[in-house]
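Note that chain A is present in both complexes that follow, paired respectively with chain B and with chain C.
Right after this comes the complex of A and B.
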C-alpha cells in the first residue's frame, strides 16, 4: 500500500531529481570538449575568417557565460521551449517526437514481447532448474546473449534479407511509398526482422532475471505449504511461485519500457531505421546541444516517471510493501 | 476469495496471450504481404519509372536541410551557382555563361543565362544573384562567410551581374565554386521569409537539371527538370534512399535495389569482381594525406629536422597499404588536379632515404646516444607525439601512415606516439601543441594556385596550420590576389612552391582513390574521370543513360 502523503512527497522528490538531472546534463554537455560551430565550420573550410566564427558563437548564444546560458535554458524549459537544433534549424521537440515514433514501431512490440516471453520462459526454466530442459534452454540463452547484438543483426540481414529474401534489407518502407504513400502493412513488413531480433535480446535478459528469481522463490516455506495442501505443480508454479518471483521483475521491466526513449543504435544502424538512437548519436557527434538536451530531458522524465511507477506498482502487487506508514 | 484471484490471474494470462498472438499475427500478415509484394516485384523498382536512378545515402540529414540558404547541403542537382569548378582547374559555366575580370581583379562581371527559369516558372535574373548576397549577409546565414570579400553586387540589366570586391582577389571564382560554394536562391520565394535560420524549406525551388518531388519515409525523389536551360538529363529522375549501413548498401546493389555504391573498400571491390551486371570504376586522387610540421614547436622549428624528415617518409609503402592511391611527390599540389600549376622543378625532391635523413640530422646538430636514441641540439632525447584527427580516420589512413612512420623514425632514434581526437577543436589545439601532425585535406585544397594560400599569413588569415610565416611567401600571396593575368599567377605559384620546397612546412604523402560499383544493366555513364568524386554530382547525373 502507498500512503497519499508519501505519494505526494515522492512526486515532489521526483520533480527535484528531474531538476538535478537536467542541470547535470546541461553542464556536462556544455563542458564536453568541442562544439558544433568548430566541427561544422572546419568541415567546410580551413580558412574561415575568425570574425565569421565569432559571429556564429554570438548567434547561438555560446559567447555568453555558462551560468547565463543555464538560466536562459531553464527559463525556456519552464516556458515549454526546447529550442532549435543547430544542425537542422528545426524545433527540437517535434523532431524528437517524429524519430521516437519510428523507434516505437520496433521497440514497443519488441520490449513487450521480450518481457512476456522472457518471464514465461524464465519462470518455467527456474521451476525446472537443474533438469535437462532447463539446462538446454539456459545454454541456448547464454550462447545467444554472449554474441554481440550487432553481429546477430548483420547475420539476420545476410540470411533472411539477402539470401532468402524473406524480408527487406532495411529502411522502414518500400520504394513504392513514393507512388502509393505510406502503407502500414509495408512498415510492419520492414519492422518484423528488427522486432524479432530485439525481442530475442530483451527476452534473454528477462529470462535470466526471472529464472534466478524463481530459483530463489521455490525454496520458500509458502511453496512447501502449497504443495503440502495438495495443490498440483502447475497451480503452485503459476499461482504462488510466479507472483512472488515477479516482484523483482517489476522494477526491471518499468526501466526497460522507459529505456525505449533512447532507441537502439545497433538495430537502427544495421536496419537503416532512422529512429531516436541514430538521432542521438548523430547529435552527439555534431555536438548539437539543443537536440541532446531535449533527448536527455525526455529520457530523465521517462526514467524518473518509471521509478515512480515501479514504486506504486510494487506496493500494489505486494500488500506487504507499505510505503509512507512509518 | 481464492477463486477471484485465480480468475484474475487467468484473465491476465489470457490478455498476455492475446497480445502475443495479435503481434505475431500482424507480423505474419505483413510478412505474407511483403513476400507477395516481392514476388510481384512491388518492393523492387517497378513502381517508379525504370529510368529513375536509385542512389543510397548514409543519413537523411546528409540530403535535406531545413533551408538551402543556411547550410548548403541539399538534394543534388536542384540549385546552381554561377559557375562550377572543372576537374582540370578551370571553370564550367552554370548560371553565368561567361565572365570578365578587371585588370586589378576587383570587379567581376558575370553574363547570366538568359533562358534559365526557376522550377516554379519564374525567370531567373540578376536580382536573384544580388538578393542571395544581401539576404545571406543580413540574416547571418552560415555560408555568408564565403561572400566576405564581396562589397556589392549591381545589376545593370537582368542578365548581367557586376560583383565588386572589397579588395582584389584573383581566386574569387574558386572561392564561390569550391566546396561548399554558393548557390543562387530565388528572390521571389525567400524575400517573404523573415527567419531563414529556422525555416523548413519544403519546396526547394531551384534552376538545376532536377526538381524536387518529395521527401518521404527514408526516400528523397527528384525528377528531371524538362524546362532546364542546359544539358537535360536522360534519366527521368533520381531517388536517394537512406541506407545507414555500408554493408547493406553493397547487398542492396547485389539485389538490384539500388544502382550504385560509392566509396567501397578495396576488399569489397575484390569481392564484387565477377558479379553479374556489376561494374566498377576508380576515381583517382579523391583524398590527400600529409605529414605536417608545426614550425612553432621544437624540433620542427629547425629547418634541418624538417628536411631530414622529408626523406624519412616511405610514400611507396604507405600507398601500397592504402590499396588504392599513389605517392605525392610535389610540395603540396596534386598533379592530376592542379596540372600546370605544379612546378616541375620541385617534383620528387623528398626521396625516401633514411641515410640521407641521418646525414641531414647530423649536420643540423642532432646526435645519438649509446642506445641509438636521437638527441636534439638541446641534448635531450627527441620524442614526438602525433595528434590524429577525424578526417584521416574514416579509411584508416592515419593508422596506415603512422605504422610506417613508426618503423622508419624509430630507426632514426625517434620515439613516436599518437593521440587520437574525435573533436575538431581539441585536434586543432593538439596540433598547435605538437611538432608533427597528420592531416587529410580534401583534394579541392590541392588543385590550383589559390590552394597555396593555406601556408600564408594575411590580414584575414592571422595564422595557418603550420605556423609558417615567411614574409616573402606572404607577399607573393598578396600579389597573386591582385593579379588577373594567368601567366603571372603561374609564375608566382612556381615561386611559392620553390619556397615550400626550401622551408618544408609539410610533406605530402599520398593520395587515395574512391572506388564506385554500379549496376551495368541499369545505367551507363557514371565514370566522368578524375575530379568527379561524387556520384550525385549533377554533371554525372546528367551524363547517365538508361540501358534499354
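Right after this comes the complex of A and C.
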C-alpha cells in the first residue's frame, strides 16, 4: 500500500505550489499602481470621497502592516473570499464557480471520450508502429495538431454552422428559452460541435503519448520473453504490452487534462459558450485583474490537485515508482 | 528519404516567412494601419487580399503582422531553450546539493499553470510584444530544465568527461565543449517544437485580446474579422489569409520538429515486429 512518508511529501509539495500561486497574486494586487480599493471604487462610480476610501481601507485592513495583510489574504483565499471583480462589482469566487459548471458541460464528455479514443488509437498505432497504416494515422495526427485550436473552431463554425446549417452559430441556447425555459436537449444541440472539437484535441494529445508508451514497451525484454514462451500475439498485446503501456498514461493524461483549460478558452470564445474560457477572454479584454487572478488560482488549484491525484494513483498501481523515489 | 524531404520543404517554408518578415516594408504596398481604400473591398489588382472594415489593406497587414508573430514565437523559444539548456547542464554536471535544492524547487513550480499566469502578469504590466515573449520564455523554461538535466547527468559520468577533467580542462570548458555538443540533438528538437508551440500560443493569446488593438498581428486580424462577423457575411478574404498564414508556419515547424526528432532518435520511427 501507499507509503505514508511519500504521501505526506507529495501533499507538502502540492501545498507549497498553491502557496506560491497565492503569493504571486498577493504581490500583484499590492504592486498595482493605485491600489485595489481605489480601483474597485473607481469602477463603481466616477468620483469617490476620501472618507469612503479611508473607511474601506480600514474595513479591508489595508492600513495594517504588509505581513499581517499577507496572512489575512491567505486566510481569505482559503475561505473562498477571492476579491471583487472590477467589471461586475461581484465577488469573484461564486462567479467563477457558476461559469465552471457551464464549462464542465463541454469538458466532462470531451475529456472522457478523448482519453478513450486517444488511448485506443494510440495503442493500435503503437502496436503496428512502422507499418503503412500507422504512419498514415501518425501523419494525420501531426497535421491535425499543428493547426491551432481556434482555427479549427472557426473553420468548424464556418462549414457546419454557416454553410451546412447543421448546428447553431454559437451560444448555449436558442432564443425560445425566454418562452419555454431552459431545455437540456437544446443545450446539448448547441454543445455538440464544441464537444466534438474538444474531444479531438484531447484524443490527439493522448494518441501521441499512448503510441510512444506502446513503442517503448514493445522494445522491452519481457515482451520478447512472452513471445519466446510461445504466447500468441493477442495474449502478448492484451496481457503484457497494453497493461504496461497504460501505466505511464495515468500521469501523462493528467498533464493533458490540466492543459485543457487553455484550449477551452479558444473553443468557448469562438462558440460564445458561457464558461470559464469566455469569462477569461472577457476579463482579459476589460483588464479585470481580480477576476483573472481568481481564474488563475482556480486553474492552479485544479492542476495541482489533479497532479497530486495522478501521483498517488500511479504509485498505487505501480510499486516501482515508490521504490525509485526513495 | 521522405522524412528528409519533409525537413527541407519545411526549412524552405520557414525561409520564406522570414524573408517576408525581414523585407516587410519593401513587400507591403501600404502601411499596416494606413487607410487606403473603400472598406470591405473584395480582392482585386490594387488590393491583393481586399480591404477590411475600415479600409486597411489586408495584404499589407498580413506582411507586417508576420513580424510580431515570428518575434513572439522565436524569441520566447530561444530564451526558454537557452535557459533550460544552461540550467540543465549546470545541474546535471555539478549534481550534489545544488541539484537537489533546484529539483525540489522545480517540483513545486512544475504544476503551476503557465498560461493563466502569463495572462495575469501581462494584464498587470501591460507590456509590448518583446516583453511578453521574454516573460513567456522565462516561465516556459521551467518545463525544459528536467529534459536537459537527465541526459547531462548521465553524460557527466562517462569516461570521456573524466578524461577531459584529468587533463585539466576547466568546468566551463567541459560543459561548453564536451557536454553541450552531445546534447545538441535534444536541444535542437526542443527548440523547434517550442517555437511552434509558442508561436501558435502567441497568435491564440492575441486572438483572445492580450495586446492592445493597435498591434497588428495575425491573431488580432483573425479576432477582428471574426468578431465583426466576417464569416456570416461571407467576407472570406478578411479572415482566411491570416489563418492560412498561421496554419502554414505551424505545419512547417511541426513537420520539421518531427523529422528532427526521428532522425535523432530512430527508435520512435520504426519498431517493426
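Quick note on the criterion: the second predicted complex is superposed on the first by the 260 of 326 C-alpha atoms of A that agree within 3 Å, B and C clash if a C-alpha of one lies under 4 Å from a C-alpha of the other, contacts with A are read in each partner's own complex, and residues count from 1 in each chain.
One rule holds in what follows: a contact is a pair of C-beta atoms (placed from the backbone, for glycine too) under 8 Å apart; a residue touches a chain by one contact, two chains touch by 3 or more.
As the structure is a prediction and not an experimental result, all values here were calculated from the model.
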First (chain B), second (chain C), both or neither touched by A:89: first
Output check: A:28 vs chain B and chain C. Expected answer is one of first, second, both, neither. What do you get? second
Check whether A:57 is in contact with chain B, with chain C, with both or with neither, and answer first, second, both or neither. neither
Could you say whether A:292 touches chain B, chain C, both of them, or neither, answering first, second, both or neither? second
Looking at the overlay, what does A:146 touch: chain B (first), chain C (second), both, or neither? second
Have a look and say if chain B or chain C is in touch with more residues of chain A. B
After the superposition on A, what does A:266 contact: first (chain B), second (chain C), both or neither? second
In the overlay, answer first, second, both or neither for which of chain B and chain C A:300 touches. second
Check whether A:130 is in contact with chain B, with chain C, with both or with neither, and answer first, second, both or neither. second
With both complexes superposed on chain A, which partner does A:70 reach: first (chain B), second (chain C), both or neither? neither
Touching chain B and also chain C: which chain A residues? 154, 157-158, 162, 169, 269-270, 287
Chain A contact footprint on chain C (complex, rising order): 107-113, 115-117, 119-121, 123-124, 126, 196, 200, 203-204, 207-210, 222, 226, 231-232, 239, 243, 246-247, 250-251, 253-255, 258, 267-273
Note which residues of chain B are touching chain A in the complex, please. 5-6, 9, 13, 16, 19-20, 23, 26-27, 29-31, 33-35, 37-38, 42-45, 47-48, 54, 59-61, 65-67, 70-72, 140, 142-145, 148, 179-180, 197-200, 213-214, 216-219, 221, 239, 241-245, 247-248, 251-252, 254-255, 257, 422-426, 428, 441, 445, 453-454, 460-462, 465
Give every residue of chain A touching chain C within the complex, in rising order. 13-14, 16-17, 20-21, 24-25, 28, 31-32, 129-131, 142-143, 145-151, 154-155, 157-158, 162, 169, 212, 215, 218-219, 258-259, 261-262, 265-266, 269-270, 280-281, 284-285, 287, 289, 292-293, 295-296, 299-300, 303-304, 307
Would you tell me which residues of chain A are touching chain B in their complex? 33-35, 38-50, 52, 55-56, 59, 84, 87-91, 109, 112-113, 116-117, 154, 157-158, 161-162, 165-182, 185-186, 188-192, 195-196, 238-239, 243, 268-272, 274, 278, 282, 287
